[in-house]
Amino acid sequence: MSKIFRFGVSLPKELIEEFDKLIKNKKYNNRSEALRDMIRQELIKKEWSENKEVVGAITLIYNHHKREVVNKVLDIQHNFQKEIISTQHIHLDHDNCLEIVAVKGLPQLIIKLTDTLKSLKGIKHSTLSMSSTGTNLQ
Amino acid sequence: MSKIFRFGVSLPKELIEEFDKLIKNKKYNNRSEALRDMIRQELIKKEWSENKEVVGAITLIYNHHKREVVNKVLDIQHNFQKEIISTQHIHLDHDNCLEIVAVKGLPQLIIKLTDTLKSLKGIKHSTLSMSSTGTNLQ
Amino acid sequence: MSKIFRFGVSLPKELIEEFDKLIKNKKYNNRSEALRDMIRQELIKKEWSENKEVVGAITLIYNHHKREVVNKVLDIQHNFQKEIISTQHIHLDHDNCLEIVAVKGLPQLIIKLTDTLKSLKGIKHSTLSMSSTGTNLQ
Amino acid sequence: MSKIFRFGVSLPKELIEEFDKLIKNKKYNNRSEALRDMIRQELIKKEWSENKEVVGAITLIYNHHKREVVNKVLDIQHNFQKEIISTQHIHLDHDNCLEIVAVKGLPQLIIKLTDTLKSLKGIKHSTLSMSSTGTNLQ
């Protein structure tokens, strides 16, 4: 469990007032929590650029009636067995599936996996959420 | 099943050459597939700005030893039962969890849910992947 | 001249350490200045989404040998006389020009102007920098 | 002057229809022009990641009554004389200035210059527009 430290921040009065409106709007309880999130966001950007181990989620939207895409998505996932933790599959409607792949590994491999899936004929959309293992985000 | 149509695109020779290098690098089989993805990406941006029904994935990183955050994450998810399709929970290490929430609904509600989760004390990081129901993305 | 206020922020020790590395890297003198910038960035996002008066810079790259584009760029700028403050024109090489248009006005008009310029045949690239009048950013 | 080549693109009928709505909305004359812009945008991303010579615009908002910031902005600009092409200065109101610095050089130097200016006490906001020399964007 990490210790909480306290330090002072000096900001112009008006900026603090605007900030207080913003954090109320974003549902934060207090300034420390809002600032904590902004700092973490910057640290995660750094993790992804420095090729440290990261965590992410790849989303895929595809039509499961196109058999070929279903098989290829499976094949590719097996080639990245080490990076893929688990996969969640959701039937959006009669045709469309949402598949969410939880991943952990080096950024360059995660990005390669995302590009390989994204480029498949039949994948309608894909995104990559860049997150963190949490170990450096106390 | 949607019909495939063909149309001609006129581009400067050098731009086509640079584009061909790019799509090779991104693992696309041909120009049509790369262009299709760029177009879909633009359409999804539009869907999220126009408040049509969308699909997404919220990722959360948190320390499950902080009991309070675990309970609050559950409570909030129950308040957005209509928008949440399913949740995938992964134990990253002794302390850290990755939770991926598959969501479907109006963008403003999805964003409100994300903000509410993100602002919880104990959530180390959260992301929102903006995707699509796929119905308008043939 | 705005008054400087001071408040305390509580953060986990490790997060502060990581933050200190980050701000050293980004050349900030102290934590307050780094936090001030993060807060302002969030406020400017809000200004652009709320349709308050904003400030920006539009960049255009084009080949000035294509006479038609030169004339159209001028015509369009005259139609947005109220939003355009001034224009800086730079000869990058024998063919290519960089034009930077300083703008001030409502976000939707600034975006419309950018789209209109961007869609011109002959414009190779354009960007829009979203900034602020500075009046709410003490 | 570069030659225009023509090639065929195969896309699902519905996607073409959605695309046509989008490009009408964004004021493009035809599909080729919209696709051309999407392709160039991807190429510029690549230029900035590969550390080729690029072009950009840095915007700064500051209060010119704070003498110290005015002098430091000048000093720093002189240290990056090789990268800075020219500077446009606009008086937004009694207090606030917009300064737009046109730059050309290696991405890492442009980013270092931006970070150095951004971190100055007194700079209220800064942005960096990433554009191109235009030579590889026919």
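Letters A, B, C and D mark the chains in the order given here, with residues in each chain numbered from 1 onward.
The rule is simple: a residue touches a chain if its C-beta (ideal position, glycine included) is under 8 Å from a C-beta of that chain, and two chains touch if they have at least 3 such contacts.
This is a predicted model, so every value here is computed, not measured.
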_Going by the touch criterion stated earlier, list every chain that contacts subunit C and also contacts subunit D._
none
*Per the centroid of Cα atoms for each chain, what is the distance between subunit B and subunit C, given in Å?*
27
*If you look at subunit B, which of its residues touch at least two other chains?*
40, 137-138
*Treating touching as the only link between chains, describe the layout with one word: line, ring, star, complete or other.*
ring
*Kindly provide every pair of chains that touch.*
A-B, A-C, B-D, C-D
*asked:* Can you tell me which positions in subunit C touch subunit A when the two form their complex?
replied: 2-16, 18-19, 22, 31-32, 35-36, 38-40, 42-43, 46, 136-138
*Which positions of subunit B touch subunit A when the two form their complex?*
1, 26-29, 33-34, 37, 40-41, 44, 55-57, 59, 61-63, 65, 85-86, 88, 90, 92-93, 95-96, 98, 100, 102, 104, 115-116, 118-119, 121, 124-135, 137-138
